[in-house]
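You will see chain A twice below: alongside chain B first, and alongside chain C after that.
Entry: the complex of A and B
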């Protein structure tokens, strides 16, 4: 158990070192911009992963939360406000939207939760489309200003890359700390048995609401980062397809794992942005991969590899009837929740 | 804005749109009631049904033929999805839903491939022509026909469920799966049958609906939203709930689009929020 933690920490450090060194390894501007996109998507996916993995709440509305935050920043920019105000308004919108989601969904679980978040997400998408006086309608908002210090992305994209990398590290760390806290433990309790937690005196809806707020704020942060990268927001960035892709990332990578969102986001963004220039039918390929993962590898890529390694180790090392490692059960319960 | 004729027109708009919603929502709610699956591919079934219907109607000029062809094609695909994929996940709620999301994703993309991105509409040759005129009010016959089809179908479904042996098996399956299996009914085939029927209903809805609003990429998500809102309001698994919810949402949507077009989405969402807060199981829903 202890060794596996050391291994995963070492792996994390390795990825981080690679991430920091990446711009110096002769990465082209295109590679940098794709990697930045992947990191933003990974932040968003980790906010979904936190809800699904710890709370058993599969949300189909997080794309719209990020979209609402991006629209907040875009609207502020259109009014000529400075980036500081953009941040303030983006987070204000995020918190209000997450509260609406949370209040409506806190008494539901499982597929009901999924449906409520889906409906609220579609509502935000619809508002983005129809409230054209604020959102610019179908055309969205373009030429959104970003802070001066980011500079020109086309010339030196590495600066913003580091900003997003730092954002990814911070949000992952925050979500990890929250998951390991007593609050995270209670949340897993709610996931595994709502009735038991209720009879122990926990106010279950309050826990769900708090979890949703935390996750929503991380999603809003990702929305802000994406709007500073692309200068642009349109209804499609708040659409259901985005939210579905987020769930695809989480499940592909491995629900409830630390690295899963990054791996899932990498695969989905690469298929969407790189494979799509060779194959027209990339959504079909992505959909088929998703279906295969659900049918055959519910633990996702990270979860399946971890399971495989554990099995190999137990076969070589602990052959004289060693007890099953406790982490085995935790993985299977998260994959059930997924 | 508040003249009687305008009101009557919006009333009919709302009811005929509600009729379309009922074709969608009844299949969704039946499948949920029996199998506890929220079929996220329902919108994609509607879309494929619409495309096939429009193509067949353009070739033959016959609406009935178009609806039958659409129902047959979509039913075949739904059979493959149920028999080939969903069966392996039986009883695992979330994976089942996620799988149907994947199916919807793939189907929408393949539809875009085959039928392109242009809006498809039912050709006039296959539509009931003319307008009904009562006093100062004139209204297209086609929409009246849609209303009639939905009412007839609703009555047929209710009779089927309450008066026939098949309906009895389905109702028993909703109440107690183990017991009905023990009585010698192969519940797996009942599930498959229900899934296929639900999909065929969506396909008929798509064909008929293509005479009211275009079928184009993205429509699968929009109709899915409406259908979900309807069954959340009506109560999951209830045909009566689907009927009441459809009429309610259809009317609210029509009047909102006429009076406060900027907030059209908001107004269908508000009753859903109210229902969720006051009565989470829906108007006609039962405690799970």
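Entry: the complex of A and C
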């Protein structure tokens, strides 16, 4: 096992241990609830990240997929169904919606893919807004129940934090496994050269559709987790603003990196919810951070740090004399995983 | 070399394993601070300070209205002092950008971190509903100065949420229909309302008031909230050829945009009846003298002949460089003055005691007139038919020409009948 691989795995373990120990480090209820929010956003961002990083498909519709799933759970709760049925309906809605997205967009790429996902997202937003007999219109659905064993929001914030943390770990692991699988490799092939993959005999649209379904299911999972946290859903959770913020999170963190979505979500959620208590012009600050990252850290925060470390290491390796060894370059390609 | 590498790997695995084991052991028992929350309700009772968390969108699409709501609240404490009957009022303002998720997080922050006693706001219907549900679950009183959603005090009503500075959408417009069909003498009407919950509720209120008193709504037209060009709607209205045109917007640009299109076609101003927000001060300032005589229906009338209203208008004019206050500012102001009056009479109260004190109170001399609260914590008060006039200071005011006292939210039904109905929509107008 390569040393850098060990370091990144150890780093992951350290972050995980910190995440697990967080409620014991004297974190307040508010700190826990905001960390939960960050983790939910990170799950959603990692679903976008998977699609962008592996498939080269930037979606402006993932907020709406999560929204559709949230509405599914909300509607089920309003009909008096138990949380098990909520989960079933939420995932049912998610799969149907992702299929619609996937079928409409699987033959497009680049800007056309962006426009198709934007359009379907607006459609879902419009339905949430107008179909008031089911969605409650602009007022949304409130008092959505969640499983009893999670307990209530005020007293047992830590329980739900662990549920979401586990959800984050599982979804990140699943996405990682998928992107390391032969399927993930083919997907990257499609991203890099569609025509080559087609001439090699791959059914490109099928790969795109499958990638969208996987990503959509993770997004729907995030939607369900968010509805269990807030007990509330309204059209703005399905709006295009949310989807745009997801792209911002992914770019800030670094596309195609494992921890990028978490870092990006942390920055965006903290600026939006914590910094805004102290600074009136917080949207400006968010914009400035975004511009700075685009200008000086094109690979995103995680991606740029990995790059920087690689450069430092190759310099120290090179300093005794001679160019960096070929093994170093192979290290750098795997360390992308962090 | 290989052996050292292998041993590093082994030690990493060992550390990782230890860490995971420790983490699992920790998870097995609840964290130290995880007991039932004791923060919040009544946290500072007795010390003489009432901490208020004020949530309002001061950035984003609703920044103007959100800032106005806070300005009204702030103006009251600035002009009357922030100490009432030995209770000091401390306000923490939080921006939610009009987004329900942010609203909720801010509410969490105010309750869990700042330990506020009351939450005031937010502004937009869905943010208000999201926050009201949360504050009720943690026992914190919630005062709503502006949010007009019917369901806030109907299907989603809770014991700790009070609408203090506005009325439900259908409630505030029902008397408009009644007035038009009776005193106004109009027989037929065409309606133009914003195509979402607030517009549906406003139109439903007007339509029911109008038709119950013998009028007939011949056509209902709906416009998307983002409409900027109203010329096609104005021609549709012209073609409908009704005696009266009722228009409901949620405030902001649609009011002036509609009036420009309507007056631009040469249609008469005396056939118009607008809702609260289409004829708010923003519209009056934008349109100027050409809309003198324009009629509207609202719970707020800045040109009403009363000492408290005059005092408020003068104070706001002084603070804002000569502007006359609109409904959102009035909503923030009346909420503050109501809280002050209750504290004056009853001393320091928190939690459900405070809500009981507010809802059993009759605010005889508020800037809205005589206001009380029903069993669902909604405002019962006067609704004015207003007409735009130019007063001595050269500003345009909405001056009442008719007043309906003690208007409640049930539109002539019993609460049970009203709650059994579906919610208002394009297809269900009551």
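Keep in mind that, in the parts below, the second predicted complex is superposed on the first by the 316 of 338 C-alpha atoms of A that agree within 3 Å, B and C clash if a C-alpha of one lies under 4 Å from a C-alpha of the other, contacts with A are read in each partner's own complex, and residues count from 1 in each chain.
Throughout what follows, a residue touches a chain if its C-beta (ideal position, glycine included) is under 8 Å from a C-beta of that chain, and two chains touch if they have at least 3 such contacts.
These numbers were taken from a predicted model, which means no experiment stands behind them.
Overlaying the two complexes via chain A brings chain B and chain C into a clash.
Applying the stated contact rule after C-alpha superposition, one finds that A:162 touches chain C and leaves chain B untouched.
Look at A:251: by the touch rule set out above, it reaches chain B but stays clear of chain C. Of the two partner chains, chain B is the only one that A:108 touches; chain C does not reach it. In the superposition on chain A, A:58 makes contact with chain B only, not with chain C. In the overlay built on the shared chain, the residue A:294 is in contact with chain B alone; chain C does not reach it. Look at A:240: by the touch rule set out above, it reaches chain B but stays clear of chain C. Looking at the superposition, the partner that touches the larger set of chain A residues, chain B or chain C, turns out to be C. In the superposition on chain A, A:283 contacts both chain B and chain C. In the superposition on chain A, A:122 makes contact with chain B only, while chain C stays out of contact range. Of 58-66, 112-120, 328-336 or 346-354, the segment of chain C whose C-alpha atoms clash with chain B in the superposed model is 58-66.
According to the touch criterion, the shared surface of chain A, contacted by chain B in one complex and chain C in the other, consists of residues 130, 133, 241, 280-281, 283. Interface of chain C with chain A (complex): residues 5, 8-9, 12, 15-16, 19-20, 22-23, 26-27, 30-37, 39, 58-60, 94-95, 97-102, 104-106, 108-109, 112-113, 125-126, 129-130, 133-134, 137-138, 149, 151, 156, 195-198, 200, 422-423, 425. Residues 1, 3, 6, 9-10, 13-14, 16-17, 20-21, 23-24, 26-30, 33-34, 37, 129-130, 132-133, 136-140, 142-143, 152-158, 162, 226, 230-232, 234-237, 241, 272-274, 276-277, 280-283 of chain A are the ones touching chain C in the complex.
Chain B contributes residues 36, 38, 85, 88-89, 92-95, 97-99, 101-103, 105-106, 108-110, 113, 221-222, 225, 228-229, 232, 261-266, 269, 272-273, 276-277, 280 to its touches with chain A in the complex.
On the chain A side of its complex with chain B, the touching residues are 58, 104, 107-108, 110-112, 114-116, 118-120, 122-123, 126-127, 130-131, 133, 239-241, 244, 247-248, 251, 280-281, 283-284, 286-288, 290-291, 294-295, 298, 336-338.
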